[in-house]
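First the structure, in the form of structure tokens, and then the observations on it.
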Amino acid sequence: MSFDEYRWFIEQSTPSTAHMFGLKRYLCDKQTPFQRVEIFDHDLYGRLLVLDGKIQSAAYDEYVYHEALVQPAMLLHERPGSVFVAGGGEGATLREIFRHPSVEKAVMVDIDREVVALCREHLGEWHRGSFDDPRLELVISDARRHLEENEERFDVIVVDIPEPLEESPALKLFTRQFYSLLQERLAPGGIIVLQAGDFGTIFFEAHSAIFNTVRQVLPYVYSYHAFVPSFNTEWGYIIAARDFDPGAVERGLIDRRIAERKLKLRFYDEETHRYMFALPKDIRNQRDGVTTIIDDDELLTTF
Amino acid sequence: MSFDEYRWFIEQSTPSTAHMFGLKRYLCDKQTPFQRVEIFDHDLYGRLLVLDGKIQSAAYDEYVYHEALVQPAMLLHERPGSVFVAGGGEGATLREIFRHPSVEKAVMVDIDREVVALCREHLGEWHRGSFDDPRLELVISDARRHLEENEERFDVIVVDIPEPLEESPALKLFTRQFYSLLQERLAPGGIIVLQAGDFGTIFFEAHSAIFNTVRQVLPYVYSYHAFVPSFNTEWGYIIAARDFDPGAVERGLIDRRIAERKLKLRFYDEETHRYMFALPKDIRNQRDGVTTIIDDDELLTTF
Amino acid sequence: MSFDEYRWFIEQSTPSTAHMFGLKRYLCDKQTPFQRVEIFDHDLYGRLLVLDGKIQSAAYDEYVYHEALVQPAMLLHERPGSVFVAGGGEGATLREIFRHPSVEKAVMVDIDREVVALCREHLGEWHRGSFDDPRLELVISDARRHLEENEERFDVIVVDIPEPLEESPALKLFTRQFYSLLQERLAPGGIIVLQAGDFGTIFFEAHSAIFNTVRQVLPYVYSYHAFVPSFNTEWGYIIAARDFDPGAVERGLIDRRIAERKLKLRFYDEETHRYMFALPKDIRNQRDGVTTIIDDDELLTTF
Amino acid sequence: MSFDEYRWFIEQSTPSTAHMFGLKRYLCDKQTPFQRVEIFDHDLYGRLLVLDGKIQSAAYDEYVYHEALVQPAMLLHERPGSVFVAGGGEGATLREIFRHPSVEKAVMVDIDREVVALCREHLGEWHRGSFDDPRLELVISDARRHLEENEERFDVIVVDIPEPLEESPALKLFTRQFYSLLQERLAPGGIIVLQAGDFGTIFFEAHSAIFNTVRQVLPYVYSYHAFVPSFNTEWGYIIAARDFDPGAVERGLIDRRIAERKLKLRFYDEETHRYMFALPKDIRNQRDGVTTIIDDDELLTTF
């Protein structure tokens, strides 16, 4: 296809920088009560999910984003039986969770019924039937309210929600109080993992603030990262635990558990783990200079 | 500044993807006998050097690109005394080399006299006077011809040349024959390092082909990478040695040598080294599937 | 809405010029057997119909395009009773025709059933119920074949078809043979009018070639034009007659007929007619230098 | 040249519309005390002069803009001897004036010495030596102040100044008071002409306001227009006189005077005059509904 045949999604990251995506065809452009949902096909990245103008994931490399989000936590846990997912509408987070034979139950809470329905319809490559897995308990609600009202505890908690824009309900899922609540809902030996924003030095403030906030609540907290081509940047994650240090991993453990659990992964293995958990010096310095603590009364303002 | 006030440099990486850079002001737009040279100021990335429409480096993050290119080789060498640079017109590669107190001589060969002059004039932040360092021997010539005609050997050889476009003289600096020549010009215990193209999975063929070609000539060869924000991607490098394995680095060596040599670096240290040298599984698989060997008679066709 | 919220339709008119349209929302993106049909909403121009990447008309100013196309021919005819329309899928050409009380019958032949259905559904502001007018005979077929197979004659013939791209069936509706056929289907005193391409000096070749071709077939032929803001250019039309000179219009005739027929027009009246039929000197010179004759064996290649 | 080789000037006319110009090469990007001056080469339009981000004229079609601005006034005057030009830095307005053999003197007042010097250097195709014409009196000053301080009267006054942006000195050249001053500086039988903004319906407010303001001061006032391809729109002009009606032109006069004065024009002649002075109905209605009067105390706010 030629330039003229594409329609262009121009993701402006700052007033003087933008990424252009040539769209082959529109599949969906819908305003739900919570957000604008667009799904289109791109020549290179395949299908793209865009919420409120921000790329969530692309067929081409959602395996990077989702393996990076889910697999470290699942594999650092000895035997994950129950998992909680906040957000995760695409269903790919579930897909990664359900690969693990020990999982007996996953509770996924997403606030937007329509997003889930549209993903189920258009993103089969992402969820691959996970929404039909009998181990799934799908709840359409606010994840925070759900956790407040239910005392169930989980071996792994995955927070896979979009960047909070102004007045978004997601804002309350990026605060000290919410992270405290997560900590209380963690079973003994449990692990929390968060998608945690852009990891390039330019847009690094949000990640740093989230990191610093989680650190107020939990003793063991690590940043890690993976380069996602369709994001045009490294993406950040945060993993945290209450009862053990997930950073103290003996050599060989990850590859051994991948083999034991018979996981067929494209992105993640022990060397990938080393890549993701080693941080460049400028990033470490930048992150460790941030003292912001995000609070219910002092919300995150930019992402 | 507003959208209207910028002029836009739109770097189209594929027919359906592009990066937009809002330019504040033009400083230089010149066609030399070898290439088009543009220098402009960008709000976020500061000064930008663009050769034949490809960003070479930006004031904002050239420290990442240049420390990543130069410091591993210099620090893995016990006592680098003589260094050869092919290309490197900005002068920042020299700057990184001259930080090392053991360096007695650097020979830099760049084909384009005007590029060197323009960088010297406009990119003071990059070279910081390196062109005036008495240890520098600057030669305006073709790097390959120079090495063919001179038998001098070097402790470290740095190849810092732009992507070879069609009919570019740089094409002959990406072949098996050229890498053989480099190997012959290496002093005992010497190290070679190359800038080696985009390291994202989309544009990974060139890196893989270079890696595979160097492997035909030298016994110890490693890919590594660093995320450069203004490139919107991870960038690839290749380090190689003839007489020892630069991948077998004892713990603590890098930080110790940085301290001994009193280097003040912003990006590179031992943890950064671990980040750069650990490769994600998909990248390893993709690279190791490539069997291309670049030859004087079978040049690299895309980058 | 801000830059980020729009998706961009970038109509590239030459390699170095383009027009950007910020789209608010997609209503339709469909490939029919004949063309790609897109309908979207634009902040300034309202709803837009785009066929094969070319704007056909916009809610904001389709009255200019359609009054300019239809009204001169209808008003220069003393009493138009029967009208033939080739193309005209939006239904706005019909709307302009049916304003005239003398019209008893309009035959519209469009090749693309789906375009007509989509316009009927989404472009109510254009057709305003014209598809339900009992005087309409709507035929889904190739206009040329239909005219070949039917010997009916018409007072006014309107050719309202998109630019012919390569291998388009529309190509055969821009040839000497087709214009001969139109001439044969003209009732005594009848008038033919064609939409006839961009009227700016840059893209003027197609108009000139059409003009010159029609002149081979009919004795009285005139170019005229109107500026259509959403096209970012003046648009060209050609009017022709066999039995009288439509350029010899006595002063006052047009305004008198508009009053007699009680037409409420926004764009067209006698002064507008003078504007449209007077041509700048450079345009006249450029057009009159063209000798191309479009033939079934020598089709129009660019528009 | 390909998309990648151009740098893009994106003239955003509203938040949801823009025109893209692919620039081949930068010649000049300079901030003067009054404005930002850019001169670059475009593949299609040739050299372009841009002041404060607004295209002033292009080599390709400046003859349209400048003949349309200058020739009607010069030709409607029986024997123009003295001419005043406010602005007109490119020198092409002078070029059109000096074609007339009766001209004995042209006083041009431009506020920006550097713009005049840069145009003189880079826009030889525009001025063709007019700055060296012995009939020229070039004054670097504010045109209004100059007219206030000098009582000389002129046969033709041409106001060729850019759109006034906020805080621009040009703002005071678009007011009732300034037009009064012009009227006082008109010799008997004299004519005033103004470039008067975008003439498309979208951006028509400024033209309408200027028209209405001039009408407060002078008895005979006409809008006219010409389509300028590189502007992507029809451009508006206003012609006015105190002592006679320039709209009452006997048939044949213009072509006769062009012949008598032996003018070789590309755009303007009698038929072009009819095109320019006939206005579409929607434009007339829109203009005549505007009641704004621009005053020194109530400046024009948008253009």
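The first chain written gets the first letter, and so on, giving A, B, C and D; residue counts start at 1 in each chain.
In this text, a residue touches a chain if its C-beta (ideal position, glycine included) is under 8 Å from a C-beta of that chain, and two chains touch if they have at least 3 such contacts.
Model, not experiment: these values are computed from the prediction.
Participant: Looking at CA centres, what chain is most distant from subunit B?
Facilitator: Taking each chain's C-alpha mean as its centre, the farthest from subunit B is C.
Participant: Centroid of subunit A to centroid of subunit C, CA atoms only: how many Å?
Facilitator: Computed value for the inter-centroid distance: 52 Å.
Participant: Measure off the straight-line distance from the CA centroid of subunit A to the CA centroid of subunit B, and report it in whole Å.
Facilitator: Those two chain centres are 34 Å apart.
Participant: I need the residues of subunit C touching at least two other chains; which ones are they?
Facilitator: Residues 3, 6, 10 of subunit C each touch two or more of the other chains.
Participant: Have a look at which chains touch which and call the overall pattern line, ring, star, complete or other.
Facilitator: ring
Participant: Can you list the residues on subunit B that touch subunit D in the complex?
Facilitator: Touch list, subunit B to subunit D: 3-12, 23, 25-26, 29, 38, 53.
Participant: Where on subunit C does subunit D make contact in their complex?
Facilitator: Going by the criterion above, the answer is residues 1-3, 6, 10, 14-22, 24, 42-45, 61, 63-64, 200-202, 226-227, 229, 232-234, 265-269, 271-272, 274-275, 278-282, 284.
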